[in-house]
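A short write-up of the structure that comes next.
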Amino acid sequence: MLKTLSRLPSLPLSRSRLLRSSVLAVAIAFAPAVLAPGFVAPAMAQTPGGDIVVTYKDDIATLDPAIGYDWQNWSMIKSLFSRLMDYTPGTPNLVPSLAESFTVSPDGLTYVFKLHKGVKFSNGREVVPADVKYSIERAVNPKTQGPGAGFFGAIEGFDEFSAGKADGLSGITTDADSVTFKLSRPDATFLHVLAINFASVVPKEVVEAEGADFGKKPVGSGTFILKDWVIGQKLSFVKNKDYFQKGVPFIDSFTVEIGQEPLVAVLRLQKGEVDIAGDGVPPAKFLEMTKSPDAAGMIVDGEQLHTGYVTLNTKIKPLDNVKVRQALNMAINKDRIVRIVNGRATPANQPLPPLMPGYDKDFKGYAYDPAKAKELLKEAGLPDGFSTVLYSTNTDPQPRIAQAIQQDLAAIGVKAEIKALAQANVIAAGGTEGEAPMIWSGGMAWIADFPDPSNFYGPILGCAGAVAGGWNWSWYCNKDLQARAVAADSMSDPAKVKEREAAWGKVFTDIMADAPWIPVFNERRIVAKSKRMGGPAEIYVDPTRVINYDAIFVK
Amino acid sequence: MLALLAKRLVQSALILLGVAAITFVLLYALPADPAVLLAGRSATAQTVANIRHQLGLDQPLLVQFWHYLGNLLQGDLGRSFTQKTDVAPLILARLPATLTLMAAGIAMELVIGVSLGILAALRRGGLVDRLVMSLSFVGVSTPQFLVALLLLYVFAATLGWFPMSGYGTAAHIVLPAATLGILGAGWYARIVRSSMIDVLNQDYVRTARAKGLSRRRIVLRHALPNAILPAIAMIGIDIGQFMSGVVVVEAVYGWPGIGQLAWQAIQQVDIPIIMGVTLVSAAAIVIGNLVADLTAPLIDPRIRAG
Amino acid sequence: MTLTPRPTPALALPAPVLEVAHLTVDARTPAGLSRVLEDVSFALRPGETLCLAGESGSGKSVTSLAIMGLLPKASLRVTGGAIRLDGRDLVGLPERAMRRLRGGEIGMIFQEPMTSLNPVMTIRDQLTEAIRVHQGAEDALARARAMLEAVHISDPARRLGQYPHELSGGMRQRVMIAMALSCRPKVLIADEPTTALDVTVQAQILKLMRELKGEFGTSIILITHDMGVVAEMADRVAVMKAGRIVEQADVVPLFTAPREAYTRELLAAVPRLGARAGTDGPPRVTPLPTRFETGGENEAGEETVLSVHNLSVSYGGARNLFGRRGEAQRAVEGVSFALKRGRTLGLVGESGSGKSTTGKAALGLIPFTGEVVLDGTAIAGLSPRAMRPLRRAAQMIFQDPYASLDPRMSVGAAIAEPLVIHGIGNRAERRERVAALLRRVGLTADHATRYPHEFSGGQRQRICIARALALEPKLIVADESVAALDVSVRARVLDLMLELQETMGLAYLFISHDMAVIEKMSHEVAVMRAGRLVEYGTRRAIFEAPHEAYTRELIAAVPMPDPTRRHLAEAG
Amino acid sequence: MFRTLLRRPSLLIGLIVIALVLAGALFAPLIAPYQPDAQMFDGLSLEGAPLPPSHQFPLGTDTLGRDLFSRLLYGARTSLLIGLVANGIAVLIGLLIGTIAGYFSGLVGGTLMRFTDLMMAFPALLLAIVLAALLHPSLWIVALVIALVNWAQVARIVYTETRSLAERDFILAERAMGAGHLRILVLHILPHLVPTAIVWGTLGIATTVLLEATLSFLGIGVQPPEPSWGNIVFESQSYFQQAPWLVFFPGAAILMTALAFNLVGDALRDITDPTQRGRG
């Protein structure tokens, strides 16, 4: 998941992966080895040119691909650098990018990528296979302190390297025009891993020359080049004329203005001063905008792989009692909460969002039934309810949602005190054993790094996450389910795709029997763009990029 | 004078040291572990421990503080946990914006406050006086964010006279500076009024009148330089108030100053940035007081003599 | 010049420069109008010095401000009469026209040279300003310098660039005079121009004024409460009381044959230097022979109450960063004296000579070095706790009786305070004692429930004395205790103090800058200058045969309330 | 007293407003038409938008469908409580440190005043933010934080006044009579500082209400659903265009109350200190 450590004025706007079809991305790995990079044919012709303005509230942190891991810099890094694999814009469909072609061994343990010839970094040097090896090793190297190291855990030599016992990843070898990866175990998600930002290719000599400043003066081989960065004010990106795929991107440049209140950004957008309000439409403005005649041209409303939930700490009394947890699940009026967020979400009943492979649309979950909830509490020996604490981040609308939950809980006699804190403090409380009985995940909610159900389990519901400083804030650990999860993840045989999917799906619905979460809703992402901006909605709520700067264009 | 300056400088340095120590202790006690936040969700306990070690967070508080001070003396404010860059350039990049805003705000305060104060003092007890005094009360009683939102809505969003947000041109600074200035002007008006009334009752003003000077000359040449002294002392204190005010104002107007930086850093428990911003604002306050202390003698020769 | 008894024919005498006729001024108060000046009339002839004399509140200053058109508009207003300058009525003249006269035709100087100059402007700016406003800019600077030379200021070129705080009080008053005369006004109004100055400086300034009057041909209205100054300066005198002129006459007849009772009273109250010549002690005010209430000793001067040896007090030396003091300045150095029971030591000197500091150090109120023996105990280095019993032996009375009383405490409580502190008596006993003390100082017992601001200055000083007496001290340090009082009140308070000394055997360390008062009160006199004792001896020795030139200078500088013996202005 | 009131309409107005606010706070349960934290189904439009003032909801509803009028009434309790508690503490600390530092100039006074300077140099809001984050915000913590931020100013003023008092002759007279330090401090210095303390306490309440609002605006104030004027505005600030009543009414309440306290404080200063009459 991406850290959304920032003050989000609206619903959690997080980098999302939109999965339009249920076709498993893994399948692509075994498609004919030469997949031409290309685009979903847009409805209208893209005219090249145009300079656009994008706004964000928060500072852009580093643009170093080995480090950057938040939803603002994610899409910029995507466009500054290229990777072996990428996605078709607006879809979760994997395509080779820097790789001209690739092969996978039948046992799923060896991947060979042949690189495009003549791809150049923006400093003029050609990209060679050694750069790929260097870049991934850099992301894994503990000295980098990169948050993405764990994704590469399947590559041979990972453990030695991350423990500091080796100088590099023994599993990556290169020759004149190709890179070979040897895995220590089958990883059904490995091609996705090579498409995430941490696998971006960087030029070693520049990284070493710039040292710590590389994140502020990035050099890559992507569609755009960072021309200028006025810290705290704006970043200017210009089109990389030498990008190895001709005709990409469309716009000549985009300027990211920082420090703009989302509300102000939308007001400016309506006046035509801004083209994309990066932080989306704040709730206050949402209804008005959707009702206005301009709405059709300005509002992009897309689904994302998001679930908002309340964690129930299984190590804190009385939440350690499954009946209590079930009772709480039945107490929440999710329809009302959805109304409070102006209908920008749909009620949820399981951890996985509807568009995620493995989502069980027949699963009913716990229906809203306060009477039954009270009964369950009585059975649990708590006829008069109990007192507890509900944590939430302190940015609108999270405290409001927490209050709605609080009122629902009060209806069955559960008195929840709200602690609305800065995000960092909530995360710290969640990662401390016995500290936070309940946490509303809003603003920090789980969004998959890539469209695979496995990504929704490990850190947030698996035993490995239930440690101090971990992200499994329910402190939930079911050994049986854990075993089934591991089994499902090693099913890398393409023939078993459906089976794997079903296995994962069952894991998530079975988790609900233990009720460590109250899944509340799946939120849609609302983006505001100026009317001159063209293209389908997908490229503004791109499942892999948030905003796909490569694909957007000016009408 | 030089001795005074040296003394005040050392005093200021000690105050900053105190501020650094207090902030350090406070932040150390914050219930959030930067290492965990940095490591991200897919991190193992080993990674977290590694990061903690690399940041020196596993060392005793005193050692950490000692290192921090050592670096500080070399102008090194440490590295931001989240942004992975040196803090000093981050703050330096944003400081001009905040300083510009503060300067504009203070200028507005002074111009509005001093002229209204003089006006009220001259029309003491009259309608103008009462009006000015009432307005000054409304000024100091109004929540800053309310004014910020109101000005934004009226003058930028509705009337479109000024840009809504951003930085760079003179037009951009008007509304944020007005938000800071209009409210603060109330204090200045009150202070200047009261000291002006005081000064106008002084013997030397009577002397000036006995010399047959014009009222204008008496007010501007004789009374004002004396009456302005308390207002100058106020500027030093004011900078402290402004440092708080800019957080709100910068947030509303998207002003790229250190207020926004501070707010983000607090949300992210980015201790080096919080430390840096605290020290810089404390330094601004201290320098402001210092400048006020040193400006007063320029106007008042009596202080010059010590 | 003498006033002719007949109605003044226009041709017989030069026409007055300034004529005030039936001037009436009212004050606006919440309760309505109240009269401040009533039917004030006088005429100022060319080259004449007219003194407006009177005690505080008599309307002297209001008169002068009315002439200048400087009455505070909000509260005071001329409601009748006329002020004619060269025949032109100034009452109701528009501000613009009035402004031309101020500083141009009428100059004015004030009591406090310290505060009457703008502290943030150079002397040059303040001087040239007036010249420029009234007479154009041409040679303002040269004329300013000429004016400074005319008032005999040392190093005038340098003074021009200086700020008021860099000048001494005397120099500032000279600058004020230079400023007031810079446009050669016809009339100079001097409102208590020397009251705030040391006696020697006063003599110089008075002399200067006389000299300049001749030189510039200016007529002077001199406002003063000091009959000595009147006698030294005036051609004619108008005595004011409660907003009226009670008597107006040439100066010699006024002093030799005052017609009005009030004038006589006023003159009688003025202490005259040399009045005690040939005697050893203060005048006896009680008819009976000395009998101390305490009984024990019946011979005054046996017991030494206070002995000070080699006393030094350091001030200043700004604290450095670490709280240590830097190089200190000596405020008092090597002062020694002794004071016996029932006697008064007059400590005299000009401002800044260290008199008050000596007084406070003698009571251990400020840190000092040297030896102070108070009632037989050396107090150096004593803790406040150890000092406490000694406090009963010695008390202090200050210059400003209002400031030395807690405004939030009733008079009774204030007088009882020392008794409470020392745990003397119960509530009822204390109340009785307070009543007795109040009666003792000439007030009544029912005053106890009132608050200080309800009393007049003289009464307040009596209250302070009562409080000082509460502990039946042997010694009272009186620090300029009568300086703030009007002459008539001053005389009565001094008499009270003498009477208390006679009946209770009090010893006084009497600190004053006023030679006449010192002469009246003291048995012994110590003259201080710049922190040191320059002369110390019996009163008679000091006043009748001073050894030191400085002492002689001090005595010579005192204005004599006798116009026939003018010595200050005319001597040099 | 009544005459004084009549002659000072501003004081009268201030007192009336304060009385109204106090009454509203005290009798909130009687006056309020709804529970302050009741999220009513009919309090939101079908799309989830807050409702404008109407017969049913006199000041409209907030974004959770709660009655704004009821929340403002209960919010007055919180805001006033914080104002009084925070200022009480701040004035007490300031009085203690200021008098001690002013009376015992020298090492003790110097140290205390350097510490006060340090607190003055500390960016107040930053301190408040860090402390609030550190201590987990609650009503009392917010009050405490504000007190800790505000005392330094009171201490400075008290210090200056004590210094000038300590040099007055009547204090010297007390010492000459043999009065101990405690007696002088308690009986002769403190009573003179009471008006200052009252005035600053009153003026401070205005600042405090504003600071609480600012803390809430930044999301670190009183915890929801407990209403305070600050967090009511904070929760709804982004609706200032769509639902202006959500910002306007609480904003006006804060403004009016702050104004009232300022007016009263100023008038008190004039009345208790005749020498200051007519000054700022």
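Just so it is clear, A, B, C and D label the chains in written order, and each chain counts residues from 1 on its own.
Convention: contacts are C-beta pairs under 8 Å (C-beta built on N, C-alpha and C of every residue); 3 or more make two chains touch, one makes a residue touch a chain.
What you see is a predicted model; the values in this text were computed from it and never measured.
Colleague: Work out the mean Cα position per chain and let me know which chain is farthest from chain D.
Modeller: C
Colleague: If you average all the Cα positions, which chain's own average lands nearest?
Modeller: B
Colleague: Across the interfaces C-D and B-D, which one involves more C-beta pairs in contact?
Modeller: Top pair by contacting C-beta pairs is B-D.
Colleague: Roughly how far is chain C from chain D, going centre to centre by Cα mean, in whole Å?
Modeller: Spacing between the chain centres: roughly 49 Å.
Colleague: Averaged over CA atoms, how far is the centre of chain B from the centre of chain D? Could you give it in whole Å?
Modeller: 21
Colleague: Just curious, how far off is chain B from chain A if you go by their C-alpha centres, in Å?
Modeller: That gives a centre separation of 39 Å.
Colleague: Which integer distance in Å separates the CA centroid of chain A from that of chain C?
Modeller: Taking the mean C-alpha position of each chain, the two centres sit 87 Å apart.
Colleague: Provide the list of chain A residues touching at least two other chains, using ranges where the numbers run on.
Modeller: Residues 422, 425 of chain A each touch two or more of the other chains.
Colleague: For chain C, jot down the residues that touch at least 2 other chains.
Modeller: Expected reply: no residues.
Colleague: Note the residues in chain B that touch 2 or more other chains, in rising order.
Modeller: Each of 11, 30-31, 124-125, 157, 263, 266 in chain B touches at least two other chains.
Colleague: Help me check something: in the complex, which residues belonging to chain D touch chain B?
Modeller: 10, 114-115, 117-118, 120-127, 129-131, 133-134, 206, 210, 213-214, 217-218, 233, 237, 240-241, 247, 251, 254-255, 258-259, 262-263, 266, 278-280
Colleague: Which chain B residues qualify as touching chain C in the complex?
Modeller: Per the stated touch rule, the residues are 7, 10-11, 124-125, 202-204, 206-215, 217, 221-222, 225-226, 299-302, 305-306.
Colleague: Which positions of chain D touch chain A when the two form their complex?
Modeller: On the chain D side, the touching residues are 37-39, 41, 44, 46-49, 63-64, 133, 136-137, 219-220, 223-225, 235, 238-243.
Colleague: Touching residues of chain B toward chain A in the complex: what are they?
Modeller: So the residues of chain B in touch with chain A come to 30-33, 35-48, 50-51, 54, 79, 82-86, 89-90, 93-94, 97, 152, 156-157, 160, 163-167, 250-257, 260-261, 263-264, 266-269.
Colleague: What does chain C use to touch chain D in their complex?
Modeller: Residues 319, 323, 360, 363, 365, 384-385, 387-389, 391-392, 394-396, 398-400, 403-409, 417-418, 421-422, 464, 467, 471 of chain C touch chain D in their complex.
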